[in-house]
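Naming follows writing order (A, B, C, D and E), and every chain is counted from residue 1.
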Amino acid sequence: MTKYGIVDTTFSRIDMGKYAFETIRREDPDGEILRYTVPGIKDLPVGATKLFERGCEGVITLGWVGKTKLDKYSYLAASIGLIQAQLIAKRHIMDVTVHEDEVEESQLPALAKDRAVKHAVNLVKLVRDGGEALSPMAGRGLRQGYNNAGKILSED
Amino acid sequence: MTKYGIVDTTFSRIDMGKYAFETIRREDPDGEILRYTVPGIKDLPVGATKLFERGCEGVITLGWVGKTKLDKYSYLAASIGLIQAQLIAKRHIMDVTVHEDEVEESQLPALAKDRAVKHAVNLVKLVRDGGEALSPMAGRGLRQGYNNAGKILSED
Amino acid sequence: MTKYGIVDTTFSRIDMGKYAFETIRREDPDGEILRYTVPGIKDLPVGATKLFERGCEGVITLGWVGKTKLDKYSYLAASIGLIQAQLIAKRHIMDVTVHEDEVEESQLPALAKDRAVKHAVNLVKLVRDGGEALSPMAGRGLRQGYNNAGKILSED
Amino acid sequence: MTKYGIVDTTFSRIDMGKYAFETIRREDPDGEILRYTVPGIKDLPVGATKLFERGCEGVITLGWVGKTKLDKYSYLAASIGLIQAQLIAKRHIMDVTVHEDEVEESQLPALAKDRAVKHAVNLVKLVRDGGEALSPMAGRGLRQGYNNAGKILSED
Amino acid sequence: MTKYGIVDTTFSRIDMGKYAFETIRREDPDGEILRYTVPGIKDLPVGATKLFERGCEGVITLGWVGKTKLDKYSYLAASIGLIQAQLIAKRHIMDVTVHEDEVEESQLPALAKDRAVKHAVNLVKLVRDGGEALSPMAGRGLRQGYNNAGKILSED
């Protein structure tokens, strides 16, 4: 039985953890799911690390980033930390991030849900089936939260 | 008995460590609290690390950031370091930061107090009760230092 | 027999992994090649790490970066992480990155192919023959994805 | 007997190491002081690490940063590295930095001296007396190189 | 007998490795010199690490950085990585970097040579004689690639 982790935040204005939970449950009904909530994005790396310690084979983090320049610096620091946490654990973290200013507020719920759901699917695939399971989709321009960009065709 | 750490700075223009101390004392009257003071934000990561070495199960750091571009770079370096310190210790640091230019000076004391208090509450919850204790507040748009942004409603 | 790794993404709009595979196969027909696919660039460092764990002596990663400022921050975080992954494994990662906005879309396929092919050649040289094998080309202004810049001549 | 380290640079246009030396000698006449000089700021982290290896319990680094955007990126990289060096050694580095463009050139000597002296005092306090020794000055708006900003008063 | 390492790139438009080699040979005729070439600046940290593994007591890296914003981000990532490589090995890397846009192209060869030569001299001094050997030059405003900025005089 695979154990998955979800780390979300109280800062987020949308409950993305719920979507991640439902999706993992649907994709792997036999999986065990641990949920852990922290205040903000800079707390996500250690949150994920704690779930790795409890035996999770992969974790999805759900971050929400404000509009200011400083929020973006925090995003950068959190991103570096999330990668570092993965290198220490040698396990995947699907790092879902929604920036409050990337679309109109009215569109944020749909974007956040789509991104959380698609990356929860990715997490199950990577953890249970391995990176080979995604290779048929390599280079397809897949997007989370937006329409897929699609493959650029060449005469090659 | 839980042991908590507070690291603050002489650079800060407001004594946030005092608020953190009072709050932790109130939230966990049986807890032990260690306080450690450093010159500025770039000294916070090793300060927190020293308190972890003395047995603190969680630490709150209270940073104050000036107005210039270079201050913001220092903020970025400190943020990266605080996350790294957490990954090494596998313990939480509640990283409270006040930027001298985020509101008018007259409003800074209230903002700083609110942020220090709320994150001290978060620290106690995370350390004593675990990340599950915050899950009921996930996705609620909670803010420290400002009014809560609140949850974005969707028809979903 | 040398074992090589390829990590590419579903975010990429061009299947660069295919070019890398064909090139490594051609350059070292006896080599073994593992392919692993992840969602986006921030997943590349742990992807490469997983291939190191499976015995790859060198890895090529194929990243695709969007147009926004945030995409560039993600690029920075991924770059830092890819270097860190190399320092931990003490093995090379040829870090191929295509930025969606560096040329017109119609030119991206040729650029991406050229860059993937040339860096796959570099990977085989570095892994099989060592960095000494590249020394005759040092200081020649070689470019991947563009025409070579060439050496700057001096009267020296 | 406490052993202190000083790392300065040949890039600096002011001999801040001299001020640091005199100050540590005055503050702790029994202390041993090691001095180590490197070319520029990006060499400071490993320089400090070498002094930790020789038994220094704390180190002061004295960096000088030029005016260009690239100098500021180097400052950022050096700051991240200095924090990392502290986390590895679990010992303090007082990171003194003077930016060539922060004041008029005529004012740089006074600024550099003041900053080096005050942080050398901080180093002795932190190393010999611990972070508790600075707690009475927490939140006082202390500055090095400038007049103190002072505490922001509130009716609280 | 001291063993020195040189890591240069095929991306560079000037063969700085040659200058570094000649200089180290001249400064320490008995020293052994290993040369290793990589494609670009982001490959330098692991290249230096490989030379440390082969017994080099110090390494000089010779990086060339393009003109775009992304090149500068790559510079930042490489700088962070080079510092990290030094902290892991506890040995010096003299990090020589030439930015293609820092002077007119016609002036680049002289600048690159001067910088490579001076830092190769620094490397030999630091590795063979230690950081104390540079202390007489501390605070002198020494520059590599430009005229020395010189010491700022004060009445102090």
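Quick note on the criterion: contacts are C-beta pairs under 8 Å (C-beta built on N, C-alpha and C of every residue); 3 or more make two chains touch, one makes a residue touch a chain.
All values reported here derive from a predicted model rather than from experimental measurement.
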{"item": "Intersection of contact partners for chain A and chain C", "value": "none"}
{"item": "Averaged-CA centre spacing for the pair chain B and chain A, given as whole angstrom", "value": "24"}
{"item": "Centre-to-centre distance between chain D and chain C (centres being mean Cα positions), rounded to whole Å", "value": "40"}
{"item": "Shared interface positions of chain B, touching two or more other chains", "value": "76, 80, 84"}
{"item": "Chain contact topology (line, ring, star, complete or other)", "value": "ring"}
{"item": "Ring of chains, enumerated from chain B in the sense that reaches chain D first", "value": "B, D, E, C, A"}
{"item": "For the chain C and chain A complex, residues of the former touching the latter", "value": "7-18, 35-39, 42-43, 45-47, 49-50, 53, 69-70, 73-74, 76-78, 80-81, 84-85, 88, 105, 108-110, 113"}
{"item": "Chain B contact footprint on chain D (complex, rising order)", "value": "72, 75-76, 79-80, 82-84, 86-87, 90-95, 99, 102, 119, 122, 126, 130-135, 137-144, 149-154, 156"}
